[in-house]
Amino acid sequence: MIELVDNRYGKHRVRLMKVTRHAHGNDVHEWTVAILLRGDFTTAHTEGDNSKILATDTMKNTVYWVARQSKATTPEAYSCELIDYILERNPQVASAHVSIQAHLWKRLTVDGAPHPNTFMRGSNEVQTTSIERARDRAFDIRAGLSGLNLLKTANSAFSGFIRESLTSLPETEDRVFGTVVEAEWHYTDANIDYASTRTQTREILLRTFANHKSKSVQQTLYAMAEEVFNSVSAIDEIHITMPNKHCLLIDLARFGGDNPNEIFVPTDEPHGYIDAHLRRKA
Amino acid sequence: MIELVDNRYGKHRVRLMKVTRHAHGNDVHEWTVAILLRGDFTTAHTEGDNSKILATDTMKNTVYWVARQSKATTPEAYSCELIDYILERNPQVASAHVSIQAHLWKRLTVDGAPHPNTFMRGSNEVQTTSIERARDRAFDIRAGLSGLNLLKTANSAFSGFIRESLTSLPETEDRVFGTVVEAEWHYTDANIDYASTRTQTREILLRTFANHKSKSVQQTLYAMAEEVFNSVSAIDEIHITMPNKHCLLIDLARFGGDNPNEIFVPTDEPHGYIDAHLRRKA
Amino acid sequence: MIELVDNRYGKHRVRLMKVTRHAHGNDVHEWTVAILLRGDFTTAHTEGDNSKILATDTMKNTVYWVARQSKATTPEAYSCELIDYILERNPQVASAHVSIQAHLWKRLTVDGAPHPNTFMRGSNEVQTTSIERARDRAFDIRAGLSGLNLLKTANSAFSGFIRESLTSLPETEDRVFGTVVEAEWHYTDANIDYASTRTQTREILLRTFANHKSKSVQQTLYAMAEEVFNSVSAIDEIHITMPNKHCLLIDLARFGGDNPNEIFVPTDEPHGYIDAHLRRKA
Amino acid sequence: MIELVDNRYGKHRVRLMKVTRHAHGNDVHEWTVAILLRGDFTTAHTEGDNSKILATDTMKNTVYWVARQSKATTPEAYSCELIDYILERNPQVASAHVSIQAHLWKRLTVDGAPHPNTFMRGSNEVQTTSIERARDRAFDIRAGLSGLNLLKTANSAFSGFIRESLTSLPETEDRVFGTVVEAEWHYTDANIDYASTRTQTREILLRTFANHKSKSVQQTLYAMAEEVFNSVSAIDEIHITMPNKHCLLIDLARFGGDNPNEIFVPTDEPHGYIDAHLRRKA
């Protein structure tokens, strides 16, 4: 006998660009949306009964339709509207999950002034939103970011670690520390200003990374989370992943030269992987 | 106050190629290895105390060292050796997790005969292994595959689904069904023949996909899992993800032509996403 | 004053899947098509005059339309039909270029027999076609392949190279030689059997790579080209690119171990780059 | 008989990070360097004679060595030094080509002030340099950019194009115009200020794209080139590629809604491809 422990389905990578037209110019939002539903889908699996299946193609149309109706300017608010729309019309759905990657388009500055309708793609950093609601329950709201590629060229050490027979890494008081931050935090409250809270949280992560006297990736990661809890009361949990994207110091001594911490090889693989989940204690 | 709910660290994307040299020729294995450790690392986070930290660079060296000592020919057996090696030498580590992606190199056939030492890279399909052991506990062993790109050009229907105001997808009794299977299964027993069990499980997944009269992705996915449970007694759980990589029928009628299910556009985004976790019931 | 030295435009990455239905089962071709046109487009640039512009969206529709009408089973024959179709209907076009990447779908073997309608994606190797015709001229036909990932674990040396103050690479008589072949050859004749000539040429490249006692990538590349010229009279030119995807031998001596050419790290960057263009001499 | 029409070899994707340490903080440059050499390498191909072969591994070391010795702060100046270093020491080399991709690291602003040693990765835009020198000849210097992802939400039309039986694209006076600019220009003079000329040229490309009333990609591309020639006397040639990354207007009328140029699907494939090479006329 087989038990269907869990099952979900939905539509992924629904890309959406929304252009809002004002008297003075345009705003643009580019989002990649994913929907995942849980519900009464057992007979779809066991019997091929599609009578309770909302086609994923219909979900895609719903993304566009709700985007057109919506006045939301944040992915958080839009996600909540999209979830409500789906739950209301689909009694067979027990819970709906929407996640959004928001891509950065920066308004171009031309001759010293912001241009009304021309934009340049920003970095690969993505602002993320992950919201779920079970029927008759409250929204569970997470926001975050990924692809935030940072580099510290000072105030980063790594020493005092275990030395054993397979250890070849020298201790260092001054290394280059590169990482690609991925963070996701949980809000206790659905009635906050999503945009300003996101901006504030991101600024704290950046400032703490920059100012920290780092003894390890772990310590810097922890300090970043600690500062978020100190400053943003609406956040009760945060999950941060910070790979260590190594920059290797080149040995020029073998060629009769020196290299006083100046010439490095940035590498993608292998890389250290550091990951922690932190919670505010009552 | 902050609670460190969970934390892990390790080395990712350690690439390894092992060439085994026989009288008659060579064998080659290419693996990408990741290690993740849990343990007594709180002061590393809170105080920058690295005295219990095994450097991830040392983990990388350990991957190579154990590979050289090992006689294992499967990623499962090698992962177990690597985990044992780390747990024995590192009392501060509570549990070690090793995951491996094994890449396919096919021996070249030249003039009708297998060549002793020349290989061609196979498809993007990867054989995966994910093994964890907590100190004083047994191995938890999962095997799987990802990137298995399959296509059915017959025996795939999708009809009888909900029709509502945003539904534009026509019902069809004959669609092209493309997917990229990701599957991971759990073994009840560490004393099986890993290689032959993997081969058998993969064959069942392929055969069931090919022979199924599909009414939906969900139904085909369920049938694939069911056949695995029917045939491989060492497996008690399986998790399968099967995105629906849509092949869209081109409308040539608007140009005065026809298209009797012949000309399609394969697309990558958006795509349907179907996912289920199944368990054998006692 | 500005001179428009050259200009081209077209549609890239038009993806096409063609399913041919027989009594006994189906065949499937997946092609990614690109069209580039040269012609009388100066006023489009200088005045925004689109009256001679065939929209790239129309080119996309033309790809589908011609695919439906065509009986061609090779990308070479189909490309010629597509070029003819465009040149005939567009007097403003001076020359049309079509390039195609053909992706490999392998028919699945189930219970020992080829399955009538299920396919598995092959490797990343792509069969390429690049054909151009100027109005009132003959077709210029090139075929090739890219992404052919090969590995030799024996019969590859690299020694006798220049040793100077910045040389750190040891000489070796036995290295692992990995490469990703890209080759494109030119046909003297449009009336050959495209499919069998392609198969034959590819087999020669593979066999020569496998059997060569290599002193360098350059020598192996040259030998591969030489064998093509020796065996395929319809080819008068070939261009081959063979990066050296280094597999680095791990130093285990520093840890008190040995590594008799067994454990390597495959790397993607940096990589050697070797490239030659060869011609049959009269 | 075989003629070796052309052959080149070198090292690609040599990654380099240079940290320059000042009293007040650090500067950082990240470059990906490629070297390609032409010269007397025929016997390497035909006989496996490596006596004139500078190993590509040595080229890699040379990249690091010259970077350490160099005071250059632009990829152009560094490339010239690297080429000179190679040509001087290697009489068998007839010409050396160096190309560099410079990646953007932006200094972080923390609490309103530029941080002395923390940086954030910018967009995927890359500043390119491509320089060649044949022995006893002058440097041939090209600079450029790639991955410059731009979007205009107004002042872009496309109408008046050919309408034929396979045309389905409606004419529009108001479309969203997205592109990823790749440009490379040639300098007549090696004695210019590379950094400021690059900045100026890039600004002109951006400003012209933003301010242009576009009737087509071709017209905008031409206007961009024209403005470069008008303003930067050291440039005599420019090559620009501007794919048309289509943003498709969603049809909501079929669901009883409207879409007044507001909701779009950005797509990656297929895409228009527009390419021109322009020269200043005497």
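Every chain is named by a letter (A, B, C and D) in the order it is written, and numbering of its residues begins at 1.
What we mean here is this: contacts are C-beta pairs under 8 Å (C-beta built on N, C-alpha and C of every residue); 3 or more make two chains touch, one makes a residue touch a chain.
Bear in mind that the values here come from a model prediction, so they are computed numbers and not experimental data.
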item	value
Least hop count linking chain B to chain D through chains in contact	1
Chains touching both chain B and chain C, listed by label	A, D
Chain at maximum distance from chain B, centres defined as averaged CA atoms	D
Geometric centre distance via CA averages, chain D-chain C, whole Å	24
Approximate Å spacing (C-alpha centroids) for the pair chain A, chain D	29
Distance from the mean Cα position of chain C to that of chain A, given in whole angstrom	38
Residues of chain A touching at least two other chains	15, 61, 65, 166, 168, 255, 268-269
In the complex, chain D residues that touch chain A	15-21, 25-26, 28, 30, 61, 64-65, 67-69, 105, 108, 110-111, 115-124, 148-155, 176, 206-207, 209-211, 247, 250, 252, 255, 257-259, 261-267
Complex interface listing, chain C residues touching chain A	165-166, 168, 254-256, 268-269
Contact footprint of chain B on chain A as seen in their complex	1-15, 34, 36, 41, 44-58, 60-62, 65, 89-90, 158-162, 164, 166-169, 214-219, 221-222, 225-226, 229, 237, 243-244, 268-281
